[in-house]
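Working notes for the structure below.
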Amino acid sequence: MFLKNSWYAAGWAQDFPADGVKAMTIIGENLVFHRGLDGRLLCKADLCPHRLAPLSRGRVEGDHLRCMYHGLRFGPDGRCVEIPGQKLIPASVCVRVYPVIERYGVVWVWMGDPARADEGFIPDFHGLDHPDWAYRPGRMEYDANYILINDNLLDLSHIAYVHAASFGGGEQQASEEWADAPVSMTPLDRGVRVSRWVVNTAGAPFTRDITGPLTDQYVTYDFIVPGIFLLHQLTFKVGAAAASGMGPPDPSLEPAARQFTCQAVTPFTERSSCYIFAFGPEKKFAEHEPVFWQIGNMAFNEDKVMIEAQQRMIDANPAVKMKPLSMDSATNHFRAMMNRLMREEGTLAVPKTVDA
Amino acid sequence: MFLKNSWYAAGWAQDFPADGVKAMTIIGENLVFHRGLDGRLLCKADLCPHRLAPLSRGRVEGDHLRCMYHGLRFGPDGRCVEIPGQKLIPASVCVRVYPVIERYGVVWVWMGDPARADEGFIPDFHGLDHPDWAYRPGRMEYDANYILINDNLLDLSHIAYVHAASFGGGEQQASEEWADAPVSMTPLDRGVRVSRWVVNTAGAPFTRDITGPLTDQYVTYDFIVPGIFLLHQLTFKVGAAAASGMGPPDPSLEPAARQFTCQAVTPFTERSSCYIFAFGPEKKFAEHEPVFWQIGNMAFNEDKVMIEAQQRMIDANPAVKMKPLSMDSATNHFRAMMNRLMREEGTLAVPKTVDA
Amino acid sequence: MFLKNSWYAAGWAQDFPADGVKAMTIIGENLVFHRGLDGRLLCKADLCPHRLAPLSRGRVEGDHLRCMYHGLRFGPDGRCVEIPGQKLIPASVCVRVYPVIERYGVVWVWMGDPARADEGFIPDFHGLDHPDWAYRPGRMEYDANYILINDNLLDLSHIAYVHAASFGGGEQQASEEWADAPVSMTPLDRGVRVSRWVVNTAGAPFTRDITGPLTDQYVTYDFIVPGIFLLHQLTFKVGAAAASGMGPPDPSLEPAARQFTCQAVTPFTERSSCYIFAFGPEKKFAEHEPVFWQIGNMAFNEDKVMIEAQQRMIDANPAVKMKPLSMDSATNHFRAMMNRLMREEGTLAVPKTVDA
């Protein structure tokens, strides 16, 4: 049901404490995070192999983690190094360890074969840690399968309806320009690129001095496994779309404003997910950050309300199939790619949660 | 599990708004109600065929209903008339519509084959809208299967025990007269008629001037699929039962008071149900309506407490069968009739929730 | 899943009212308790055989219990003696009765074949009702299978970790002396005896006048089916362990203080349990009872937090097996004995909940 060989965004690094432990479930696997003596994050299965007590109720002792039920102590490599009242420690008494990396202010954990944990697969999730942007980190939890959240991000035509009040500013016309703008889709190695021009559309108030009230906007995002959304939005004077032949903006054109947002969908379980996002304006427009934040949160909550309602309807109608329409091309492409990647790793020897 | 070809009481018409939508689940099917331009109620499956979002999170546009996830718009006949970004609309993109009628202040919806939705099957549920009665509409929700509520209404001997404090007025003797009164049962076309005389029993305080303290009471009700209860209670001077040969009251006898109540049980799901009731005295005794209302609510809540407890015990003891007793004749007759009707329609082609 | 032929501790007798009924579920069976005319407790299946309403919503009438749905009345032997509106009462209309005894201030109910309900199997649970002890009765409910609570009581090495803050007084050294003390295990007829000396260990403040700050402590408990824990702890001057050859204390040695606690684990269902305990000092140290009570409650709550967390992990990882270690010998012995006893009674004819 889940892709194993992938980096998952476990959350914002600032939410992982310097001391003590943090428990989290990702793709249905119970994890415990703690920091070693050098401050680096360690991640293990949250399950003492002895009586299956959670190690997240344990005690950090230097680089080690001690189960506080019967006192077994585990090293950073997951091997047990102490069993109270027992001299011999079988090598089979150990916990699985997961590769974990902090980058871009995010904790990334690799849920598959550690030997394949290539840092090169970590997406370009810059923003929060980048000097060009005035960002705040955001986080929401969903009572829904992550694929429905991926679907949502892969078909932005929903902005016209779900976000009529937030991103659409309540203006029906601006919203529908989104739904009707033709979309170009380009397959990527582990994702898909979706691009469009929205032409002759109302710009943000703070670019009016440069562009006038109407603008051409080039919106392009990469959506990458398992659910990484990296969106660039460039605001130009009207005419830029035509001058670029409706393709990527001509390099000679200078955008009046840029926007970038990076977002990640992480499955907790089949029916619960985490969604993190960094969102804001360019640093030079930092004074507008609170408005960005307010509208973004309003919009992301609109998504959550709709998707959780959709999940309930799907659960209540298990026999009913979705009906594909033209707008679903990126959604369907990505779903098919995920299915192919999951099939391909079906025969992989992924480490067991607890060595048996 | 449920009878399809039947009118179900969806609720009191006053609870269906003039604008916007109302979601409800009946016999496990998710429905959305909204009113058309002429104010008439429309009822559809609450499921957009595209991505299975609930149409009850949609927007009413004249006679049309728009899904507010990706903007599909549906006409009053359930056909999709607009798909943003797509010119061609396949006929298969549609939602099921359900026949719906407002009558007697109640919304009736037909859950089976629309071609068989005969208005003649709507029961004589008058009362709330009738000049002879001083009625208030009531409504309760049950965490129980509707059949247990039907059972309760089909065996009024429970009045002596469940309702000892309310209808029995705390008087043990009056209560037991109920349980012991012989019952006559008459099969009806889609129901059963249950009648009894309770003789020499205490009358309501407001009929004492006419009858004296003791009365003969003729109580008869029709119970009709899927769970419609229509009860008449006639209060006579003592002697009326004998003068009528313990059969239906002799036409020459004038009752000192009448009572009528209409009630309907509607399954939401296998384990949740709705119960609506109109209840009160004759208009000429309207001053006593608050007392009727208070006692009725107390009694209906006594039923709810007992039936929900019974449901929990049934669920906890799935292997234990009920043991039929003499008092269960109407209950058993009605259960058997419902089972027969459900078997008979088992081979019917009922429209799918969403056309596939 | 549960042992039938056993006395289960239903709770403290003081919690069973003089009038009215008390409902409880033990090993997944719904029970109703009420007192007869002589004050003796009676226990029946909480299920009217007629429509499966709970008898715990019924009315006590002398020695009889009446179902308050349709009025069936049952005698102390479980036979129905009244059916409203029906003269003939089939012998099959009856409810199962369970042997029940009050002893040591506890209500004991036998869940198996009544013919085998031997009072001799009731464990020596004295304490609350004994003049030597200053005890208070305690009770907790667990969202966990009872076997996990049994496991906990069968391996007191957990005291060093789970109870580092309570029984260990926050002193790491004293705690670890517990985990490292060698344990001797003796099989009993329907249980196991576990004994150990903890030598040279800090004594309770109130024995220092007699023993000095350090003591030898002999701790021995019997753990008996289905989950009865009877623990004696004897405090001696240092040297007593050696003088006793590390076996049971030499009879010539006089303990400076004694402690006794009796505890019982009772399954409600597969995932919920009850835990009762009597706990306190000798009467001569009664002034210290509140401290005993405070520390005991703190410790028992530490167990509950850990065991419920363990249960959630077990449920989330159904395929993962526990890994046996040296410290699990008593735990494994008792689990194996319970399994053997349950297998042996698998072919027993245990009375059905309701006679069919």
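Lettered A, B and C in written order, each chain numbered from 1.
Keep in mind that, in the parts below, a contact is a pair of C-beta atoms (placed from the backbone, for glycine too) under 8 Å apart; a residue touches a chain by one contact, two chains touch by 3 or more.
Predicted model, so just to flag it, every value in this text is computed and none were measured.
Subunit C is reached from subunit A by a rotation of 120°, derived from superposing Cα atoms (nearest 5). Counting every residue number used by either copy at the subunit B-subunit C contact, under half are found in both chains.
Note: centroid distance subunit B to subunit C, computed from Cα atoms, is 49 Å. Within subunit B, no positions touching two or more other chains are listed. Of all the residues in subunit B, the ones that touch subunit A in their complex are 25, 28, 30, 46-47, 49-54, 57, 66-71, 83-86, 92-93, 353-354, 356.
Interface residues of subunit C, counted against subunit A in their complex, comprise 151, 155, 157-158, 160-162, 164, 176, 179-180, 182, 305-306, 309-310, 312-314, 316-317, 320-323, 325-327.
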